[in-house]
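Here it is, the structure, as structure tokens.
Each chain gets a letter, A, B and C, in the order it is written, and its residues are counted from 1.
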Amino acid sequence: MATGLYPQTKVLSKNFDVPNAHTLAVARPRGAYQSLEKALRTMTPAQVTEEVKKSRLRGRGGAGFPTGMKWSFVAKNTGKPTYLVMNADESEPGAFKDRYLMERDPHLVVEGALVSAYAIEASAVFIYVRGEYPNSIRRLEGAIAEARAAGLVGKDILGTKFSCEVWVHPGAGAYICGEETGLLESLEGKRGHPRIKPPFPAVEGVFRCPTIINNVETLSHVPWIVAHGGEAFAKQGIPPDPANPRSNGSTGTKLMGVSGQVRNPGLWEFEPGITLRELVYGYGGGPLPGRKIKAVIPGGISMPVLLDSELDVKMGFDELVKVGSGLGTGTAIVMDDTCDMVEACVNIAHFFGHESCGQCTPCREGCHWMEKVFRRVADGDGQPGDLDLLESLFKGIEGRTICFLADAAVWPVRSIVRKFRGEFLAKMTPAPTPAGA
Amino acid sequence: MPKITIDGRVLEFAPGQTIIQVAQANGIEIPHYCYHPGLSVAGNCRICMVEVEKTPKPQIACYVQATDGMVVHTKSAQATEARAGVMEMLLVNHPLDCPICDQAGECKLQDYAFDFGHPTTRTPVEKTHLPKNVPFGAKIVYDGERCIKCTRCVRFTDEITQTHELSMGARGDKEMVIMTSKGEFTTPYAMNIIDLCPVGALTSKDFRFESRVWFMDFTESVCTGCARGCNVTVGARGGRVLRMTPRENQDVNRWWMCDAGRLGYGHANAPTRLTTPRVRTSARAGEFAEVGWEDAIDAAVEALRDAARGGVLADAGATLEELFLLKAVAGRGDLKYASRVGQDEDGFLIVNEKGANQRGAEALGFARAAAPAPAALLFVERGDAVPKALRDGADPVVAFVTDGADVPPTARVVFPLPTWAERDGLLANVDGIVQPIRRCRAAGPRDLRAPLEVLEEIRLGLDAAATPWTHADVVAAVRGAVAPAGLAVPEVEFAPAAPRTVAAPASRTR
Amino acid sequence: MTPPAVSPPPTGGDPRPREPRDANQPPARGTRGGGYAEAAGAPAGVAPASGPAKAATAAGAAAAATAPRKTPAPAVVPPTPVPFPPDDLKAACEALIARYPQRAAALIPILHLAQKRFDGWISPEVEAGVAQYLGVSDQHVRGVVTFYTMFNTKPVGRHHVQVCRTLSCWLRGAGELTRCLERKTGLRPGQTDEARRFTVSEVECLGLCEVAPALFVNEDAHVNVTPEGLEKLLDGLK
């Protein structure tokens, strides 16, 4: 990579290019399981949680919820086992970061799971890996087997009183199982229908036991936090806004990726602070020859798009919200000037319609309805009221369902309809008088 | 007690109650499809969304618990708009086949569309197609396109019967209810899912295409298929019972009834039913002449006066009042009842004792007929309740029977007996709960007279000094008579006896 | 009326009854039709305004319940469950079940094993076998199989080509790949050729966005696929 770019900080990705880093023989001399050892021998579970709280680590699955706070919700003294579930159902289109972790450094993932399980006093970890990641499943299972043989997984880990099993549970093709309660249902062998909350999983999760669910990347940060302390982590990246006591900033490092219509799609690791423009133009290599970038979704398909003129925003949780989008999974999708934005809406709406679990009326019926309207506009059969119809569909779908899939279905297409209204009107002949929003 | 404000009304509630429960308890209607008080909360239909102050998004009233100081609006702009949106979504792929749908007229989709649907359609032309006319066992038909995926039926077989014959299949807008590949329900309560279905997705094969519901006459009554006494609504038209559906009674049957009871109305529509009184015309058994009611009553009085014996053999489906009058007329002899006893008691609703008023008969001093014995009066609504051997052995003087096949050949006078659907009266169920059955105006053959009236006239004929009794008098007397047995007869208003004529089917051109 | 207070009937008790009634119903797959298919499904003239169509003899409730009077359903034999697990999967299945506090939780991993073992798809017989083994109802298994896209409910070809159609791949030419597949194999998404050489599917995001467009042939990922590359790939699949 060319110099002068925003610097990479390789914490999670330090072993990505090391040959055979997925084996214990290579990973352990490079530091794997040292944090586990430190935590088990020198720290109480509460101290681990405290360090994670201090680190201001926020969930890397898309929602950005503070991890330490989530852990503190876990119901204690219930007489039931506590479970840790690692959400590796990375089905957000545009996201592929967890796959790198699982395939290239599975021992980091397992160590992160174990240290976190120790912190919440879980007796078992289920790593729910999407079925479309057979290599990730193989690598993780291999790593777990090696770790078990080395006394790092199972009973009396490292000779301490801490016992914890780690199991890989494969999904089978359902985006909704990335939603944490949909995932829990799936883990119980059922259809991935999200549950109504409350109760929240920390109180009643999988098998009706207290359960904490975290993303792969989130938990992979925990070994570093244990090794270097929460405060060191909190010093990296974007600090909390001092003017806002509820702000948590975007601390530590973050895997960020670019896919779509750029020269150099890929995955890198940065302390948050890099702008979306540097990510797309610098690391992503900018537009394909002879083209211009038209729109970028900053974090997986379910975030609103930003125009080329809006890319000078820092890749941070709060910074992207301020410009009407979101960090999501931190993996951007780039659309250039050859992309037909109406067809892009058809594509996106089809995805959400296909992945809607079918439970709630607005999502089940609304996503396909949106797709059908986009389809007819794309086919030149758009009707004068269609944009107003779409706006009212967005309103009727967003915030009206059990889980957030419906909201995610609305955000990207609504932003496209609003930002590329002209493209829609151009397909309607005769062009109707613009009305509504 | 904590208080919640719904639509400006300050209401007290018990902690744990949901918004919809508080609303319903106070007569505030919040539309709902997937919510049913007897089932777990699914929260998926989203039609019950209401506005809760200090909450940005509309909330589902079926799941959100009331909290002290909560302020809810069910008719605000936000709530109305949310509901209308869901309503429109539900109709996106719903077929507009109301003209041939059995549910039409009692369909919550129609009702709510009428209340707050969009006046015009904005839906795309092509609807999603799903399997239709799918048999769910021998008695139920499923239509995947009409289905709104509320999962009430699935939850019923999972939670109430725990027989797990239904699940949801596929996903997204292709989602639908699927049934076990065994093809039949093992639960005897399966047809409750038809009533649970808020739309016309689950229909009864028995009732399909029989009648538009608005042409039918509905009467609140009690099922007499067994001694449970499930509360029902009897739907009839043109002299025929067309349907029975359960009615909520938390002390008896909650919201449910069994399939056998639901379908056990066949004898009311039998073509072999007796419709006119008969008097035997010769010494030879089985030779009868049809006569008018007054002539038959006179003949009965004469025959009973002639007969040297008394005694009653009654179907345990006879009401308390009927049994009381049978006893008054022929109480000199043995009082016996007969009923069918099954072997299918299941700890839920079905009980082995099939006599709907067996407890009442016992309370009035009737004993189970163990062996054939003579009786002056025979009272048989269901032929299988009183076995032929007992009927023959009774060799009655006067008989009340429903079906021509059950006419005792040696009786002197035979009165056609209206079925339970056509009579007013009280039954004591297996737990001693006394409940009314009610005359359904549109059921049964024309011009049948209530056995209670006939028996009263016979009683007066036999004893010129007797004081005439009204139905209310009989009920009062029964109340005293059964009290020692622990039966409490409630205050019940019955419609005044009227000349029996069958209500003509409502005009088709209306 | 208000009946005297008595203890209500047990709820959610176990009314699990006796033997099943006549199991003669076809599975829950209906005929697709327009809005009026149902009317056509009703035999004409079943309901005369009066008469014996609805009449039953006074044989009583039980008889009426067991003798539906309309539309006698054709006899259908439920699928015969395959013996499950087969010997070669026994150890793997038992190890999976041991991971979870509830037996049924092993359903999805076991279905993956079953699909690989039984010809690449989950037949009704396999469904029934797995259901029996895990102690769940067969339609629950069907509900799960039809929820997750990776389970095939129809036989598939030896080479199941699954082209990602979601945004990143679409932006990089996934549509070209689908058209190329149709040209080469004559198959549209969802179809399998008669010889069961290929099944072609369009799938949602495979998580190979940075190397788009991507596709799977069975479990093998192929990335940065061009139409020319795809043609060569297909030629190599026998």
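Convention: a contact is a pair of C-beta atoms (placed from the backbone, for glycine too) under 8 Å apart; a residue touches a chain by one contact, two chains touch by 3 or more.
Because the structure is predicted, anything quoted here is derived from the model rather than measured.
Engineer: Treat touching chains as neighbours and tell me the shortest step distance from chain B to chain C.
Structural biologist: The distance in steps between these two chains is 1.
Engineer: Considering only mean CA positions as chain centres, point out the chain farthest from chain A.
Structural biologist: When every chain centre is compared against chain A, the largest gap points to B.
Engineer: Between chain pairs A-B and A-C, which one is joined by a greater number of C-beta pairs in contact?
Structural biologist: A-C
Engineer: Using the average of all C-alpha atoms in each chain as its centre, how far is it in Å between chain B and chain C?
Structural biologist: 38
Engineer: Take the average of all CA coordinates in chain A, do the same for chain B, and state the distance between these two points in whole angstrom.
Structural biologist: 55
Engineer: Indicate the whole-number Å distance between the mean C-alpha point of chain A and the mean C-alpha point of chain C.
Structural biologist: 30
Engineer: For chain B, which residues are shared contacts with two or more other chains?
Structural biologist: In chain B, 168, 170-171 touch at least two other chains.
Engineer: Hey, what residues on chain A touch two or more of the other chains?
Structural biologist: Where chain A meets two or more other chains at a single residue, that happens at 174, 191, 354-355, 357.
Engineer: Counting only residues that touch at least 2 other chains, which ones in chain C make the list?
Structural biologist: 136, 140, 143, 147
Engineer: Show me the residue ranges of chain A that touch chain C in the complex, using the header's touch definition.
Structural biologist: Interface residues on the chain A side: 81, 90-96, 99, 130-135, 165, 167, 169-175, 186-192, 207, 257-261, 265-267, 297, 301, 331, 333-335, 339, 344, 347-348, 350-351, 354-355, 357.
Engineer: Provide the residue numbers of chain C that touch chain B in the complex, in ascending order.
Structural biologist: 1-18, 20-33, 35-39, 41-42, 46-47, 49-52, 54-65, 68-71, 73, 76, 78-79, 124, 127-128, 136-140, 142-143, 146-147
Engineer: So in the complex, the part of chain C that touches chain A is made up of which residues?
Structural biologist: Going through chain C, the ones touching chain A are 99-102, 104-109, 111-112, 134, 136, 140, 143-144, 147-151, 165-168, 170-172, 203-212, 216, 219, 221.
Engineer: Flag every residue of chain B that touches chain C in the complex, lowest number first.
Structural biologist: 95-97, 100-101, 129-139, 141-145, 159-171, 177-189, 205-206, 208-210, 225-226, 228, 238-240, 242, 249-254, 259-267, 269-272, 340, 342, 344, 346-350, 354, 382-385, 402-403, 405-406, 431-436, 488, 490-492
Engineer: For chain B, which residues are in contact with chain A within the complex?
Structural biologist: Residue list for chain B touching chain A: 41-47, 49, 56-58, 60, 63, 81-82, 85-86, 88-90, 92-93, 122-124, 126, 128, 148-149, 168, 170-175.
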